[in-house]
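Order of writing sets the chain letters: A, B, C, D, E and F. Residues in each chain are counted from 1.
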């Protein structure tokens, strides 16, 4: 089976990650996955949310938005409705949660890292591109925050991708046009060591069998391995500072 | 391993579903899962959202809220903040999506079914209890809407439950106290024929391995089979009208 | 004159008050007045509103809401409009004001008691049921707050009811169907010693004469005496701790 | 007992009503009650609220606001909070309801009369001044709307005042300073024929006895009779067109 | 060229400024420019915005609103939309900025002066009337704040007016009817010494040439000189306390 | 006088305009003015605002936003406050008004052109860059809308720039660091034929003299001429379709 853009079912689109895309943020990347383009920035703020004050623990939070014409039809800005849409809320919670899972928040001290993911162009997979790009921006921000620390408080690499199911066939990294046709949409967020951080599978059309689910999972893992390699390559000298944090020894799942 | 309330790791809490709990809604149940208590109602409205007008297709949408003292600490009402919280948004989108996956919306005509899930008491698992209870309320509302139709436009039964992972051990149907201690939280929405409608697994603490994920999945399925049986029993005469809809023959995944 | 449900013009509907209806709140009741069902909870919070800080005086505030299908037609939630409706605002101000009138706020210290009245089913008289039920929840919360105090800082019992005027005839405790037909709606909040806390009479249709007003007042008092007796009975051992507070001797109207 | 400003307990403050205070509205007055100053305007709009469309009945609705420095301390504007305060909501509902009670809405056709009450200076009694002034603006607007109709669709004159209770003594027409000291606040809205449109008595401090209530009622009536006379005088030629409407013969309470 | 109201092209309408219009504010005026009527008040608050805390500098901020029937058609209140309109925002920013330009904020200490401009009647030129009137209210408030200071921290007088361009002819001080017909609208805020504080020229219809712009500027200056004289006259004894502040010697543009 | 970045006082920063920056919008550019980067898109929508329905006239409206980290400090998104800031409102009104001044709206038919200006990086002059870039995006969108029309309904080219005043010296095209130091900020929007569309001069620090104002004006014109040439060059084949529209002959100021 060949796809509209010539890819095989288990092929990612071309991915490009440009670091230091903007001059002010502590970390910033432009990530392009096919025609999808997302700016991810990481901002270090010297305070924590109210409910963390005094805990000595930091926080990571994410916001997500699309330019009105990132899409084929113009989308009104969230501010016009007065509040973020349900979809926006879901995505920004996902991004924040995923990044927190690989960072030792207690090592941040009384700081919040703000992750901003702004979609310039949306051709499917914006939320997974946001996770993948935001991880790189986050590492750069932490590298700048802890210039003298060889090992950053990041347990592992982190990337995300999506898989769809079309007539029983898993398709990796869906474009917008493909996304509209599949019956199932699976998003997987995975670490460099292959552990799962978040898995979300939704029957857009019809429920799916356990076998179909396992097949999609396997294809997602293949794509994620490529993305994780790319991140390591792009991060250059900072890549070596990731994945070696051992401070919190009792943390389950990091015993390796 | 024995749990605080004496259950084994793969035991559900006692579940009770009371139909026709309120006198005005077309369908209404009180579902109790252990100490968690949720009122689910289904309302039939004779119009559809703007973007469906003229399509001849109906819609199902869900709203979710908690009484301020459903929890140990009082939670401010959503209206006080002026908008629903991110958590509320996530849950109501999940409930709506799940129910739509087992109903033939084209059979509803120009109608919207409003599902309201209001939590009186929250001791863990409110979102899965909401799905399980809402399904029963929905069937009752459809039965009232189509009194002369032996077969309702409902492809299959639908229930949800959650599984956590504690020290590598999957635990079925977490209470609030347990939920705070687990490293992973997996929610599964499944149909009567064992197909997956929605799967969401989140690393609260540390990422989890693929084997741990599979073990949780198996435990969730066991619990769901019990819930699906209970639904069929509770629905009485209406149970036989569910799962036989064949109108939309080409719908993938319903070929059995 | 006999009413649809067989009552005489001066009869209350059957009233039931179930204490400790929920497990988390400091006080909670389910009050049923005919088919009207309201959950009233009382929450003790260890701080006061900004404008009371440092005054040494506590506060009581109330919130009110209806489940969307508490009524025959589904009502959108207040949060959907982004703010409480005018009716909601009016009712929650009434409930808070009424309860404050019988409690010695200076005895509460730097605490706020939050009263939440959530209507499960609305068949007329929800605001007066809310006052009557909330009083019981409040007493229970104070009893828990001051376990060793034989006399609670509550000056007197407090209940509320409504009377309508139909063709010149006062009708006690209106159902929803009756409420739609009457020309006048009178709400009365009264203490155990028969003093008035709040009186609100509104010409729904045509203005009313002073004689009609006095007749309605007399009927309301009769109903309130029954409700006050029921409260005392339901409160059991806590009833004896109410109405004996003498700390604030100079408080006018409590000299008896 | 003599009051700070030299009045006896049953004296109104000096009242002045200036008609046609603004040039654009169909009806507009500046009402001054002592130092309280309120602009009341009546606007005729050629449509009705959604829920009245097609009913052939018109509507009257009211809005109320205070200039930020109408009071001793500056009050933030309602728009700053994003919504009207509870007090604002209560007052505008009262004003609208009161005016509707003396107008034959079916005679308005598909029209809404907007009443705007804007307080320039607040020295107590703004809500009752608003009702009293708005009635005059409303009559002028109707007179302009129906220039050829000798009898306007207004059943009766309408005015409002307040009475407080201080040490058992009823005080008519409270200033702001007095209002802060009384134990009870009673607002009465009455028609030219002495019928009650709205009565609201609230125990600010301690509950009041039935006798105290009756004494306040008598004092309020005295004040209202003076206000109603003043309205008739001020309205000049338009006064004769009020109170003679007989179209809706079956309307209870208008048989005289 | 003679205008509808008989004025020549370079004539102001009659202007009247009444000081101490309200009893509570520290400064308050009613300014009437033709039929345009605006209440301007100045309130002294003993704190500064968050971002100025600890700077030792004060602040001046302005709010602007219109009564709903200040205009020919009723305008919904800003609070109804939940936020101020774009026009409101623009005007209140202009007023605040203009006043700050002539006051030595460091002399205010930790205080904010709130300027409230409320339009009772709008017949063109409300924003410039607001600036002109607010300046007088501000001086009075400062005079009251610094009773013993002969020289107030006000660098200069400040007034504003507008000029339009109709068929190449500049027209001073436009009424609402004129404003709707002109192609260009120029607002000028100027000090007593003839320096420019703010200039805003907008092509309502077609762009304008540089010569036309210069002609409008000249006419505006003429009008402003009259307004500045009137302010000095109206301010009476306080006028002599304005324009002599020399504390901040290095402030550019105040060297004279 | 040489500036930090080596420019002379009357030099623009390097300006780059990239057309067709995004794939979905009808017109889209990335404009870079020094380090300031703004994406401007133009969207054609086939309907007009409510108040224009049936008039046969189209509309142009603009929205403006900054990415949170477009600036040195992270700025909260407008949606977080629930409404656009005053600054945002001012800018988007300016952009819309300016573009409308050079387009024959009656030629658009029942269409709205949405202009979206999103600032990726803000180093001063974002609002004038937005106008300059948006004009190019607008022309491209109209060229696509009217492919067969040699002459587009655009009266003239349109660009904007800013000039500051520092120690009496006008400085063209301020960076953020310069903007913070100047005493006056002048924005000028001008057409290809040198006519003024909008002029806004604000005394940030001290009022300015008429001579200083004229000097700034001259410098602004110089910069605008360069920007207008660049636009013509960048627009390529579409440049020749601008500035020749003669349909509305009577429009003042377009007689040349």
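Things worth noting here:
Here is the rule we go by: contacts are C-beta pairs under 8 Å (C-beta built on N, C-alpha and C of every residue); 3 or more make two chains touch, one makes a residue touch a chain.
Since this is a predicted model, take the numbers as computed values, not measurements.
Listing every chain that touches chain B and chain E alike gives an empty result. Two copies of one chain, chain E and chain F, touch each other, and the residues they use overlap strongly: the shared fraction of interface numbers exceeds half.
Chain B maps onto chain F through a rotation of 120°, based on Cα atoms and reported in steps of 5.
With each centre defined as the average position of its C-alpha atoms, the distance from chain D to chain F rounds to 52 Å.
Inter-chain spacing, taken between the CA centroids of chain D and chain E, is 35 Å.
Multi-chain contact residues of chain A, defined as those touching 2 or more other chains: 82-83. Residues of chain A that touch chain F in their complex: 22-25, 28, 35, 39, 41, 43, 45, 63, 65, 67-72, 74, 77-79, 82-84, 114, 116, 118, 120-121. Within the complex formed with chain F, the chain E residues making contact are 82-83, 86, 89-90, 92-93, 97, 101-102, 155-156, 167-168, 183, 190-191, 193-203, 205-210, 213, 217, 251-254.
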